[in-house]
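Below are two complexes that have chain A in common, paired first with chain B and then with chain C.
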Partner chain A sequence: MDFSLLPAALWLTAQITILSALIGMAAGVLVVLARRSRVAPLRWLAIAWTDVVRGVPPLVWLMLVFLGVGVFTPLGAAVIVFGLVASAYCAEIYRSGLEGVAKGQYEALDALGIPTRTGRLRVVVPQAAVISAPAVVSYVIGMVKDTSLASVIGVAELTFVANRAANRTGDGITPFVTVGVLYLLLSLVLALVGRAAAARAESGWAA
Partner chain B sequence: MSDFLADSVSWLPDLLRGLGHSLWLTFVSLLLGLPLGLVLGYVTERTTSRPLRWLLVAVIELARGLPALVVLYLIYYGLPSVEVVLSAFWSIIAAFTFSNAGYVSEIVRGAIRGIPAGQLEACQALGIGRARTFASVIAPQALRISTPSLVGYAAIVFQSTSLAVAVAEPELLNAAYNIGSITFQYLQVFIVAGALYAVVVIAASRFAGWLATRTQY
Partner chain C sequence: MSLLNTTPSPDATAAPGGPLLVVDSLTKSFGDHTVLRGVDLHLDKGEVVALIGPSGGGKSTLLRCINQLELPTSGQVTLDGTPLVSTRGGAVVAPSAKALLRVRRQIGMVFQSFNLFANMTAEQNIVFAQRAALGTGKDEARERARTLLERVGMGHKAGSHPSQLSGGQQQRVAIARSLALDPRVILFDEPTSAIDPEMRSEVLSVMRELAEAGMTMLVSTHEMGFAKQVSDRTVFLCDGGILEEGPSRSLLEQPTHDRTRQFLRAIAEG
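Our next item is the complex of A and B:
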């Protein structure tokens, strides 16, 4: 196989992962805000969003957005789909993070007469973020693997390049073992970065 | 709108046949993956041999860390190089069983840790053998603790059967894709197929949630 194609493919895999993780983490905040809103229809919308987005396989979303909607490039469709799927999963992670903040914290805010908005932003959210961080990190690491599905709609990332090499050379072992190792390495790097970031966030907020 | 409904109804027989095959793939890969994962999880958790534990942890991490699609391609396109030719069906089952066993063993390891140590000590004190301890004491409880997680996991396995489209196995997504490539109504057919997936997955996760409230102890 032609190993010179791998760096570009690896970069594409990393790009899809990072871009859609950023979209998902940001959009997840909106979804969880809607989920905890006082307005009932907003809550229903958020529940429907998380259920439907997570209930349909990512590969079906990819084909629906790429072939069905038909206006996106393969890369654009992949980033949108993985970003939207991540928004649903991140919202659920944030939600359990918010629920994990001790009740006493809310009571303390009331007792001290701290305004609701200030209390939420400066006391509840930082703690929820620290609780959620490890789950977000492991979700993003899992996304690395999911991006392999983008090969099916023609994004020239790792799995796509391996698949083409296997078809051309007739050797199906070298390409897939090689990209398998690259996926593991990429997950490992993300795990180390994520662990460092989570530790930093925790110490930063605790201080 | 009425066109959409009429088209959808005319596609349903093909799509439902595909759905049936997706469910069959889910069933067979769980049938093989669950017992394998249970034994793998038990041996990894209980073995006293360090090298064996490391080896099994490495296998589990590999199964969980590699994209299922890469494993599937490796089996389907790679194994023929060493004279092992599996059909698309058995390649999928082999790939899914491998990743299932990894995930199931993690769920089971968690459940085994949840069984009070006193029960194992009691088995030892009563002179009950290791195999019997596993079969009559650990397995039933570990399964009970992990059932909600396993049902949730089964829903994920069902979703991942859509990967089979990559090796042209006639499951639900493949059926939808074929209809789309004939009618060019990709958007409509993927919406109908997506809805079929979602109905099964949402029903299964609601069931898992209900089981979780019932089996807590």
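Our next item is the complex of A and C:
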């Protein structure tokens, strides 16, 4: 197999992961805000979004957005689809993070006469973020592997390159073992980063 | 020595000797379950009142209705002549957010479970409370936080997070945080119940100093020693009503009611 193609492919895989994760984490905030909104239709919309997005396989979304909508490049379609799918999962993770903040914290904010918005921003959200972080990290690690689906719509990421090499050379072992190891390394790096971040947060206050 | 800022707040213009806090016919029901059935209570300025009684008797709910963490079902609470409970046509209504903030900034509350903000250090807890609730400037808030931490004996732990502190230490920081807002009265909801017995005295002695400095305090407690030695008056709350009240020493040593006697005996037997 032509190993010179691997750096570019690895970079594409990393790009899809990073961009989708950023979109998902940011859009997840909007979804969870809607989910907890006082406006009922917004809540319904958020519930519908999480259920529908999570209930359909990512590959189907990928086909639908790339072939169905038809205005995106393969990379663009992949980033959008994985980002939007991530938004639904992240919203659920944030929601349970918010529910994990002790009731007493809200009571203390109320009893001290601290305005709701200030209290949410400075006390509730930082705690919910630390509670949510491990679940977000493990979701993103899962997403690294999901990005291989983008090969189906022609994004020249790791799996795509391995598949083409296997078809050309008839050797199915070398290319897939190679990219398998690369996926593993990517996941391990993410897991280490996640663990280091968690340890740092816990050394402060999440203990 | 003094834990209090002795400069009187500009609105401290109550009629001399008049009660500072008045609870009038307060009731509270959760659905069909009535927790408070018409409680009348008053605290003079500088008075320390101990609230005793069996668990589930309504002590906590009474305190929470006073600062409106719970909305009373009926009745009124007045602080320095100003009614705190919003009513419309005689019925209690949910107060505006603004009115609530105003009420709560004047009434401090110390919780059984401390409730320090877990993501902040001891000092940050106190600085944040002042800045967020009163809009105090950063330097002033920090200086006051340091002073208060010193006074509750926690100056050396200013940079520690709550998870690194013992229960007694957390509670002392929580008391300092409450004092930082210059409340007119502080409500204590079983402040030592969640603390190891050996650590309780450090909290109780801070409370004793506060009382000596003239802070008005309503303290729900199972610490009969504290009630007897520190509080001016003791109120026995049972089944949602005040069964008996009087000067602490006489009520605790010679209760008139059988129910009070039975309760005190049970406490003494531990």
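Remarks
One rule holds in what follows: the second predicted complex is superposed on the first by the 197 of 207 C-alpha atoms of A that agree within 3 Å, B and C clash if a C-alpha of one lies under 4 Å from a C-alpha of the other, contacts with A are read in each partner's own complex, and residues count from 1 in each chain.
Quick note on the criterion: a contact is a pair of C-beta atoms (placed from the backbone, for glycine too) under 8 Å apart; a residue touches a chain by one contact, two chains touch by 3 or more.
Keep in mind that this is a model prediction, so the values were computed, not measured.
In the superposition on chain A, A:V130 makes contact with chain C only, not with chain B.
In the superposed model, A:A156 makes contact with neither chain B nor chain C. Counting the residues of chain A touched by each of chain B and chain C gives the higher count for B.
In the superposition on chain A, A:L42 makes contact with neither chain B nor chain C.
By the touch criterion defined above, A:A102 reaches chain C but does not reach chain B.
Using the contact criterion defined above for the overlaid structures, shared-chain residue A:L64 touches chain B, although it does not reach chain C. After overlaying the two complexes on the shared chain, residue contacts for A:P115 are found with chain C alone; chain B is out of touch.
Of all residues in chain B, those touching chain A in their complex are 62, 65-71, 73-74, 76-82, 159-160, 162-163, 165-166, 173, 176-177, 180, 186-188, 190-191, 193-195, 197-199, 201-202, 205.
Against chain B, the residues of chain A that register as touching in their complex are 51-52, 54-61, 63-64, 67-70, 144-146, 148-149, 151-152, 159, 162-163, 166-167, 170-173, 176-177, 179-180, 183-184, 187.
Listed in rising order, the residues of chain A touching chain C in the complex are 102, 104-105, 107-108, 110-116, 118-119, 122-123, 126-127, 130, 204-207.
Looking at the complex, you find that chain C touches chain A at residues 67, 69, 97, 100-105, 108-109, 111, 113-120, 128-129, 132-133, 161-164, 177-178, 181.
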